[in-house]
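Take a look at these structures.
In the two complexes that follow, chain A is the common piece, with chain B as its partner first and chain C second.
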Partner chain A sequence: MNMQQAIKMTAAETALVDAYGAQIGDLPGDGAVLSLRDTLVHELRTAGLPTRRIESWHYTDLRTLLRDVPAADPSAFADRVEAIVPGSSVLSVRNGQADLKSVPEGIKARSYTDSLVDGSAAAGLAILGADDAIGRINGGLVRGGLEIAIAEGAEFAAPIEIQVVQSHGQAHTRFPVSFGAGSKATVIERHVSTSAEASFVSTVSDVTLGEGADVIWIVVQQQGPADTHLGQIRFDLAKDAKLHIFVINAGGKLVRQELHGRASGEGADLTLRGINLLGGESHTDVTFTLTHAVPHTTSSEIIRNVIFDRARGVFQGKILVAKDAQKTDAKMACNTLLLSDEADMSAKPELEIFADDVQCGHGATVADIDHTQLFYMLARGIPEKKARAMLVNAFVAEIVEELEDDEALVEALEGVISAWLEKHA
Partner chain B sequence: MLEIKNLHARIAEDGTEIIRGLDLTVKAGEVAAIMGPNGSGKSTLSYILSGREDYEVTEGDILYNGESILELDPSERAAKGIFLAFQYPVEIPGVATMQFLKVAMNEQRKYRGEDELTTPEFMRRVKEAAAELKIAPEMLRRPLNVGFSGGEKKRAEILQMALLEPKLCVLDETDSGLDIDALKVVADGVNALRSPDRAVVVITHYQRLLDYIVPDTVHVLYKGQIIKSGDKTLAHELEAKGYADIIEAAA
Partner chain C sequence: MPAVQETIDQVRQIDVDQYKYGFETKIEMDKAPKGLNEDIIRLISSKKNEPEWMLEWRLQAYRRWLTMEEPSWARVRYPKIDFNDIHYYAAPKSMSGPKSLDEVDPELLKVYEKLGIPLREQEILAGVEKSKIAVDAVFDSVSVVTTFKEELKKAGVIFMSISEAMREHPDLVRKYLGTVVPQSDNFYATLNSAVFTDGSFVYVPKGVRCPMELSTYFRINEKNTGQFERTLIIADEGAYVSYLEGCTAPQRDENQLHAAVVELIALDDAEIKYSTVQNWYPGDKHGKGGVYNFVTKRGDCRGKNSKISWTQVETGSAITWKYPSCILRGDGSRGEFYSIAVSNGHQQVDSGTKMIHLGKNTSSRIISKGIAAGVSDNTYRGQVSAHRKAENARNFTQCDSLLIGDKCGAHTVPYIEAKNSTAQFEHEATTSKISEDQLFYCLQRGIPEEAAIALIVNGFVKEVIQELPMEFAVEAQKLIGISLEGSVG
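Take a look at the complex of A and B:
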């Protein structure tokens, strides 16, 4: 991405660079952070947003798809919303400002703005590689977020909800979250839009699990119909750590959710489940990379896409098994329900295996509603619209039910799905 | 109650004619058996009665209570009281059996302008009917038909029939795959539904089931036509001599 001369910037590129310019002097950071920001924005300016010529952005040509970016509006203000699972501890970020009113015991939380100001955030702002457009945009413009440390052995009765509420304008947030050895927690990362006006959101969560930590990390993305959501989760799993990531995309016009992680300790286990509900003219991309770095680690990934209208879905999944990572067990599946002739799905599951004694597999399927099932339901007197909605719901409900240990959570997620289907199906 | 007149129907996809001028009348209160060798069009007929769109009616008519149902979609036919117990009940992962039953019952009630059932009333009805059919509550907690044995699936069909209280019941080879005990349970379930305002069409190619569900009329379906009709003695005759004679005599 080393370009000799500045490209002609698109409206969106100009808006992002201008957003930086307009906030100079106001963006938090010490000297190191500020110079890093400057470098990132300079790269954005010279290289531009990624196009389909960049392999990892082949199916999501951000430069073409991102038409414009709403101006940052410091007066944009949104109230907290109710926790999605009743009784959760809610830690919110509104308009870049962390709200630490209800931090439960066992958690140390501070405003990420403070980490920018004192420079401790600098190392984490490094991008993952030349094509890490999300890391670049976010690093340049991030104003706030939460830095969270979960104590060793801590357990929680209720989920911890990290809430990013946005009415319009821009939000750039970061969430470095570390889970101490043996801790057990459910975190819900929730992105909500409170208006139909356009928002542009970039967010990076940096999740590290200590030895034996057992974590469920849920992403509920419910942006508005005009919104752009660029999300990234980085994760690292120590010995015997267990992480279940569950992503549900039920909103947004242009969405890219990246997940990049590493099983670094023996016995580490990753489960990824994704539900993507797409309609209208939206474009939603889930891109996942996982490195099995050591022997005896396991992972399982299932992505379910439901695509209506003229929406487009993308799933890229790459599992890399290092040379020493014998006995790796990894299975990846991407299943899509295409519900219109104009809907589209691109799936690219990949395995790169350098060890010889492993069990790895992947598969991708694309189908329409099963007509035999549909007829069976109609023959019992269920009207077609309702029967279709039930079958679509069934297609995704299966993987929600895996979280059955937490009934309230399952109910909340089913609620997100049925609300979306009621509106779109 | 049911009048099928000179029905011709073909597979929509490739135009193959399966039903070739079929006539059949079934009165309210009657139990009619349709017998015939494999491939003669029995299941196809049952699907056409239910309105499956894989088949196209090219000629003739189907009257239900005096009115043509050809323009009705399957869910409307069901709500009007036509029920098909499938030869191969369909598994639907992700749809809970109880939820399915409740939606089906209430959607039919809505269509007919009746109030929806309250949850306790629904539960009471399901429990009662399930006990009659020796269906374990555990089975009802699974997704619809998923992991059910062949016999369990057939019993689940009869459970649905009992709960939906249809007026015209079509049972497509409900006996296949059942051992004798299960067969009796199913037959009892069907017999319990027999009433003067209800008709039952039993499709089978064995006489065995008809020992337990005794038919008023028996019809032989062959190559898409009814080639012979009679009373229950016709079933015994078929059992003893097979289809060959009748087919020859009709030719």
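Take a look at the complex of A and C:
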């Protein structure tokens, strides 16, 4: 529908448009990039932030939920923090400026700001999904990030950590990352806030895997309790490529984590694991779409949500099997522990299938802790609080353990989970 | 796994070209002019001798409808409907309201004979095997005849056309009409509120178990007419009623519109079982013609421990847009939805249910099987929600679809919303409903794989089929006779 008439802008919409206006002479980009930014912000201004009337934002009415946006502040960026897995190569982005001090061999990295300035980023910026509010906000305001190319056949002993650390204000980053054929790597995309002051973060990672590449991509989102995090990961898998995405949301007040991907080559395999830890009054939305475009591709998704207090969880998952994509094998599950009567969870696991020889399934459950399990533990003298904590921990730890090949990584992720649970449970 | 040959053959048998009920009957009709305006509504209301409040109610709905937009969220595509190119009222000339069977035009009776619908009470009684079913036969815009009225009356059950009920039991109609599906509910329901012409009314008094199955048979016959019926069923405290609905239409090149509203109300400890075998004309194999079926069906479990169960077998219509739902308001109430939706040719189905848990200790169960063949699209769209105060709400949902051929599509769009930690929701749409264990058991005993699959799967479909009253189950089985191996979730 064409809804071009002017809307009355909300405080947040005004703040975003103003942030653009205030930086207009300062945002990096050549002519093409700058005019694209103009278009994106104009679209944001005319259409506004998405509301629940837009199907893909049905449970996250951004226009209502996003009440205000903190002003951009160049001094808000903090120094890099300790890598989550000891021994990782850390690449960080600070106030739009890439820090490329420790680029390991086999990686070509450059500042995304440079790509904006020379215009090579324009094509990527122009790609928008349907109702892509994150793509628009980020495209309009992005200042920097990293453009990374992993060499063909490269392998790494330690994970590569991409860090965005800040204390308040705004951060808009982008990470186009391409993995060469046959390469093997673990990348940790980490968003950390160092203070309780509000920050507003948008980030887009554009991940492409060459033939036979084998990649583990971890997102650790540890924003502060007042933060808004709008994240998007786009991915494309070539023949026999294998991608394991693992998302932990353990922070933020308003979080939308989108994952949109495509299995483009035969034999491609996607694994998605998500752990969403929600407490307080936070709202966390994980929205996932995957297109199985060719025959013989596989995918498996498991999302586990733990919801305390007055928090609201959302999961939207959509698997699309294209015509002729025979022998697709896709499974999706979303399990939720709803631990408070004031909490709520909405799930929409969709299948859209146009091929007949496929195996697709999804499951969704919402429930409290199993009382028989709790009783079993109480009967053995474990205090209730501890028993509950153990059961909650077991519920999510199960899927972390799948990464058993990398013990240090498993330990690090378990650390993130238990630290969060100690604070909230 | 791909569909087995047996399934493919059986689906072919019910292909659109095999539509058996496509004959047309030449009967002199009394029609309202084409178009929709307040005068047409006044005309319908006066034809029906309706009380003044009813006309007001209709006009209010019509004015509301003018401000509404046609919904576009469903996964169905069709050319824009010209709502002014439809006759909103068409009745056989010989009819001025339901009469006794002897007065009904023999031509009309022949139609029902041809459709296999028993209208002559003596004949039904004479038949040994057939059990008694009371039928309300609706032909285009009017109810032609309602059988077994007297016998039902003895039990205190009111079963008549809704226009008749409006005259004879205005208080009951006024008390309940529009309380489940309000006038402003949605585009099609609002249109229906303005122009509905007939339908059935059932009231089962306190503590009465309705002595026989009730049934309404809808037939669209006239060209360019829309059928807008309205059904209202009330089961008072402790009452029980089982109601069946069937429908067919002639084969025509142009599309016909059917926009019905069904409201069910179950008070304390009451139970309503509503079954549909929907067999409207689906259009020909090129997608020409067929009925557009935009239906709002909703049940309100208003009383404690009440129960409403929907069972549907959907094989017809060019477009199906239908979500029989339950509002589980009473504590301890229960909602059920069993569905088999078969789409073939160019049919488009977007169907499912809503289970809205409001009361405490409410439970619901959804079993949905979709089968898509030809170039059809088959979507399950369902919502399960638990309100903040719906303690111990419990839902189990299972929806499976099967694709036959590579030009059709099957889609699942469930919405699961829990606002209460004691709610327990399970949604599953598993790959293959055939467990390896069962298959192994059969194979081990020398049953060939295909036969084993057919065996297991037939047992599996029974889950839905057995929810139908016996008379309908036979018809449904004939209509479907399909083995489902649930290849898609």
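What we mean here is this: the second predicted complex is superposed on the first by the 419 of 425 C-alpha atoms of A that agree within 3 Å, B and C clash if a C-alpha of one lies under 4 Å from a C-alpha of the other, contacts with A are read in each partner's own complex, and residues count from 1 in each chain.
Everything that follows uses one rule, which is that contacts are C-beta pairs under 8 Å (C-beta built on N, C-alpha and C of every residue); 3 or more make two chains touch, one makes a residue touch a chain.
The model shown is predicted, which means the values in this text are computed figures rather than measured ones.
Enquirer: Just chain B (first), just chain C (second), both, or neither: which does A:Ala387 touch?
Expert: A:Ala387 contacts chain B only, not chain C.
Enquirer: Could you tell me if A:Thr336 is touching chain B, chain C, both of them or neither one (first, second, both, neither)?
Expert: After superposition on chain A, A:Thr336 lies in contact with chain C alone.
Enquirer: Thinking of the overlay built on chain A, is A:Gln373 touched by chain B (first), by chain C (second), by both, or by neither?
Expert: First partner only, chain B.
Enquirer: For A:Glu422, using the defined touch cut-off, is the partner it touches chain B, chain C, both, or neither? Pick first, second, both or neither.
Expert: After superposition on chain A, A:Glu422 lies in contact with neither partner.
Enquirer: Looking at the overlay, does A:Ala397 come into contact with chain B only (first), chain C only (second), both, or neither?
Expert: Touch partner of A:Ala397: chain B, not chain C.
Enquirer: Check whether A:Asp357 is in contact with chain B, with chain C, with both or with neither, and answer first, second, both or neither.
Expert: So A:Asp357 only meets chain C here.
Enquirer: Check the residue A:Asp344 against both partner chains and state whether it touches chain B (first), chain C (second), both, or neither.
Expert: A:Asp344 contacts chain C only, not chain B.
Enquirer: Can you list the residues on chain A that touch chain C in the complex?
Expert: 55, 323-324, 326, 331, 336, 338-368
Enquirer: Can you tell me which positions in chain C touch chain A when the two form their complex?
Expert: On the chain C side, the touching residues are 1-3, 73, 388, 401, 403-432, 487-489.
Enquirer: Residues of chain B touching chain A in their complex?
Expert: Counting only chain B, the residues touching chain A are 50-54, 73-75, 77-79, 83-84, 86, 89-90, 92-95, 100, 103-104, 107-108, 111, 143, 160, 164.
Enquirer: Where on chain A does chain B make contact in their complex?
Expert: Those residues of chain A that touch chain B are 371-373, 375-384, 386-387, 390-391, 393-398.
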